[in-house]
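Notes follow the structure.
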Amino acid sequence: MKTTAHSPQGAISELIARRKAGFSLERDFYADEAIYRVDVERIWRRGWLFAGHTCEIPRPGDYFSLEVDTDPILLVRGDDDQVRGFHNVCRHRGSLICAEAAGQVSRLVCPYHQWTYDRSGALVACRGAVEGFDKTQFGLRRVHTREIEGLIYICLAEEPPSFGPAQDVLAALAKPQGFTRAKVAKTIDYEVRANWKLVWENNRECYHCNVNHPQYIRANFDHYNADDTSPRVQKEIEAAVRRGEQKWAEAGLAATHTQTGMTRFPDAENNVWFSANRTPLVEGYVSETMDGKQVAPLMGDYSEADVGTLRIRTLPNFWNHSSCDHGVSTRLLPAGPQLTRVRVTWLVHQEALEGKDYQLEKLLPFWQLTSEQDWEICERQQRGVNSSAYTPGPYSPFKEYNVDSFVRWYLKMVSREA
Amino acid sequence: MKTTAHSPQGAISELIARRKAGFSLERDFYADEAIYRVDVERIWRRGWLFAGHTCEIPRPGDYFSLEVDTDPILLVRGDDDQVRGFHNVCRHRGSLICAEAAGQVSRLVCPYHQWTYDRSGALVACRGAVEGFDKTQFGLRRVHTREIEGLIYICLAEEPPSFGPAQDVLAALAKPQGFTRAKVAKTIDYEVRANWKLVWENNRECYHCNVNHPQYIRANFDHYNADDTSPRVQKEIEAAVRRGEQKWAEAGLAATHTQTGMTRFPDAENNVWFSANRTPLVEGYVSETMDGKQVAPLMGDYSEADVGTLRIRTLPNFWNHSSCDHGVSTRLLPAGPQLTRVRVTWLVHQEALEGKDYQLEKLLPFWQLTSEQDWEICERQQRGVNSSAYTPGPYSPFKEYNVDSFVRWYLKMVSREA
Amino acid sequence: MKTTAHSPQGAISELIARRKAGFSLERDFYADEAIYRVDVERIWRRGWLFAGHTCEIPRPGDYFSLEVDTDPILLVRGDDDQVRGFHNVCRHRGSLICAEAAGQVSRLVCPYHQWTYDRSGALVACRGAVEGFDKTQFGLRRVHTREIEGLIYICLAEEPPSFGPAQDVLAALAKPQGFTRAKVAKTIDYEVRANWKLVWENNRECYHCNVNHPQYIRANFDHYNADDTSPRVQKEIEAAVRRGEQKWAEAGLAATHTQTGMTRFPDAENNVWFSANRTPLVEGYVSETMDGKQVAPLMGDYSEADVGTLRIRTLPNFWNHSSCDHGVSTRLLPAGPQLTRVRVTWLVHQEALEGKDYQLEKLLPFWQLTSEQDWEICERQQRGVNSSAYTPGPYSPFKEYNVDSFVRWYLKMVSREA
């Protein structure tokens, strides 16, 4: 940490202590290598991370890989149909086992010396071992995994934090969306040259939407806030809520966010790192698409298009917006103090056929545009924050309450014992 | 600092203390990250830096941007026709405001949340602020600016050093060149993989010119030195001086450097970081061009082509060679211990038309070649200096007196209190 | 060193002390910048390094250059026909003298200010020096050089370690190969994104050959080990040894490795960093080529194709496999904690003509494939070793005895006094 103290520990404590409430963080939090290492240790290697979707690995032996900072991880569906997470690192001499992003294996065979693990991670073959070598001590290192209605979570810590509360809250809302019966229509990977926290801060407010996301604001109400929800807008959202109420009740759904502005998340004080809600779209929109029209067959349990949008978010690395016909997952992975790898995944009903039931040129633009507009914003912000003249600025209490909540959550996480 | 002490402060003091007079600097000065940070703090964020030309932003609202290390800066012409400098960093959450290299704005609007500043940097609009928010406290951070006859200087320090002496010396010589009534004919940007000091040391001697700059030495006398100014050469420069004397006197100009070798600059002891002089060209040359012929209409106050060359240089980042018909500005910006961004700009009379009054293929080669030859030299030197076997070598007292002066100026600057 | 102590010295001692015998090294040894610096200081700047072949610079004035970490080195044949090594750094201001990979010079002239050195490195001309300047103090800095039958070695240390034992052992075996009368048929340069020790560990076992090097195992016996040398294989190698015995004895050659598995090297305890041996190829192979057939004229003293393979290796940066008709040299140079530059050079008889006496498409594939397969392995291993979940794993005593020997040799080298 160039500009502060000698030990990262001392430096970060000092920086945390002098944070001015309601203001953005100091530069080092977004730019400094030592603080990035603290983020990796205390947040990314401790909490629950979204990894991917169960539908990406439907059959035993299917796998996909990801990299959390420099930790390569493998998710594999076992013979018992369970999804397991492993460090993608051979116990022999540390080679990466699966170099591909995804694939199908009968056994996990290290390409270096063919140490062979079964789909549950147990070492089953290694030529040349010393006599009496105990294979049971050399299975692949596991990472904890959990599933919520088709969403796979991992935790790299030995003792993971509680998952139950997230499970309870998210499962109920996610279930009708049918992610367990979905398929991936498209994945786009991005390298965003910005600290992962800038990406989250961008996600936690719609103050920037008016000018930056023209397509987004045509479909949604959340860019309106306490200061600019006019009587006309108020009437419109009330009408949209009423419109949905009867239909949704019939379908067993409920609007859980029925006002303008974003639902409050996270809750730093109660360590709430997960949330979900269903909220109406504007009149004439049944899907988050460029013209609001449905672009793919209904997903999940829906029998009706007009179900608003379901939104799920879990810290530190996931959000999803889903409509009646498709869902879009965004996954962040940190790759350096000023580099975040982002994957955006479009999901549709598992039986939908591209070209017949849906067209990518109709499915993708809404969230591809919104995503890419945001990445550009984040990269521009990073360049400004890197300035020696940057000083923390004030959040709007009407529009950036969630950014402040995110910052408070973040500071609480990194203040924990090492 | 790998090879010396633990604190950059201690290390640099030790390195300064053991510098052998008349010898080049030790490797760390050219290669080490910690010393580079000291250079940025004590030189680049304290002194006057050349930013650009007034003619680049002729109308109110015109701006251009630059980056000093990681500090993005904006130069804007205001409604009152004054040029102002700002940190290109929004006071809200630190986003870069203008991402383009240059443009025209009626107001400076941050693309993130549309915080809006007028052309004088005052915050005039920000939606969503808390009640009682005092906009006057959130104007853009200013950087000091000065103009000398069309050259714009900035200073990032709160308390800039005196500018008056530079103003006095440079204005008188620069005035007849007419940079205030010029236009940019061409700009070329370079990334030179060398420490900024190597670039300056290269600039401060013409010892290397004989072999490296064949076109340059055909036009000039400064590569001759005390040891190789033959009687023939001495006669030539005397003739050139006499040739100019009468004409120049009529035009109110004066040759201020009338001998071979380079004029002495900088003056470390008296902290002279600026200098200018007019000197004759060789017989047959009226412009620094490949064949010595005029390649564009006369600039400024000149009514006669044979005015020699005007040369201006200011530390740490500017030099300019101007002839009767064009001027060439070189601007350095540091971007890392071994990376310097260089911009070379060709200026001609504001009314000159490309293709009609001048051709780029005639205008550019002399200084494009000279520049690119030098960048290659600097990059080759950086590679050698990086060697663990490199040790400082002796400067020639006849040919490298200015390199030694530069090094002494540099050491004085970085020895100042932090 | 991020994860351990504050001084690299303390950190490496701690890491060395806790190394578990028979296990691979901890992550920092392969990934950390501070340990890489220790490797450079204690191994690369102290020991004998393979530089290239005498046949690359047959005439006085021929030179080639290489870079050991950031130290540029020049090898030049002098007027007295001796090969000398120099730091490729001008004594004046540190410029690289020869920027090209290889060439021919009458004198070594620095391109910056034409300081001129003769082919023995003596400074013979420098314009502009102060009166009384003693040129003899400013010759090029020498690096020690030695030759073994056409192989050039350098040492960057002031006091090189003994070379005699290596000379004795290697010269006898290398002589009949005729490297002194060879020519370079092809050179390929690689940038391998792996620590140099991973490249060596890969080289020190053939445990990985079965699956990764199909072409290699068809020609050789060394991938068989104590645990998998079947009676059939044992018979084959015995037959191959017998086949060679008479012929070789006639030619004054001897098989010095006549069993399956790799010859033991290095010997950490006795600091044996060099070794060579001749070993038979499988029935039907007279050369390490795709089909085992001879692909170029016989080299050196051979009058018979069936001479097995000669193998030479010297730590930390060289190995060579040679057949009757060609030799292949591999040279490693460290360029960062996770970057190794590798050059593979194919040698044939000096009078062999490409297209007539040999075809590159026959000559190259065997070792080009084997090399590139290995680089991919090493890069995959580096990615896995970078994981925070990587922990040292056990070496096979049957198959990886030489990897363990290499690691012990390495630890001994870096444990030496600074």
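The chains carry the letters A, B and C, assigned in the order they are written, with residues numbered from 1 in each.
One rule holds for everything that comes next: a residue touches a chain if its C-beta (ideal position, glycine included) is under 8 Å from a C-beta of that chain, and two chains touch if they have at least 3 such contacts.
Not measured: the values here are computed from a predicted model.
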For chain A placed onto chain B, the superposition rotation in degrees, Cα atoms, nearest 5: 120
Chain C against chain A, contact positions shared by both copies (same if over half, else different): different
Averaged-CA centre spacing for the pair chain C and chain A, given as whole angstrom: 47
Residues of chain B engaged with two or more neighbouring chains: none
In the complex, chain A residues that touch chain C: 37, 45, 69-72, 87-97, 99, 111-114, 127-130, 133, 138, 141, 156
In the complex with chain B, residue positions of chain A that touch it: 2, 24, 27, 201, 207-208, 210-212, 225, 227-228, 377, 380-381, 383-400
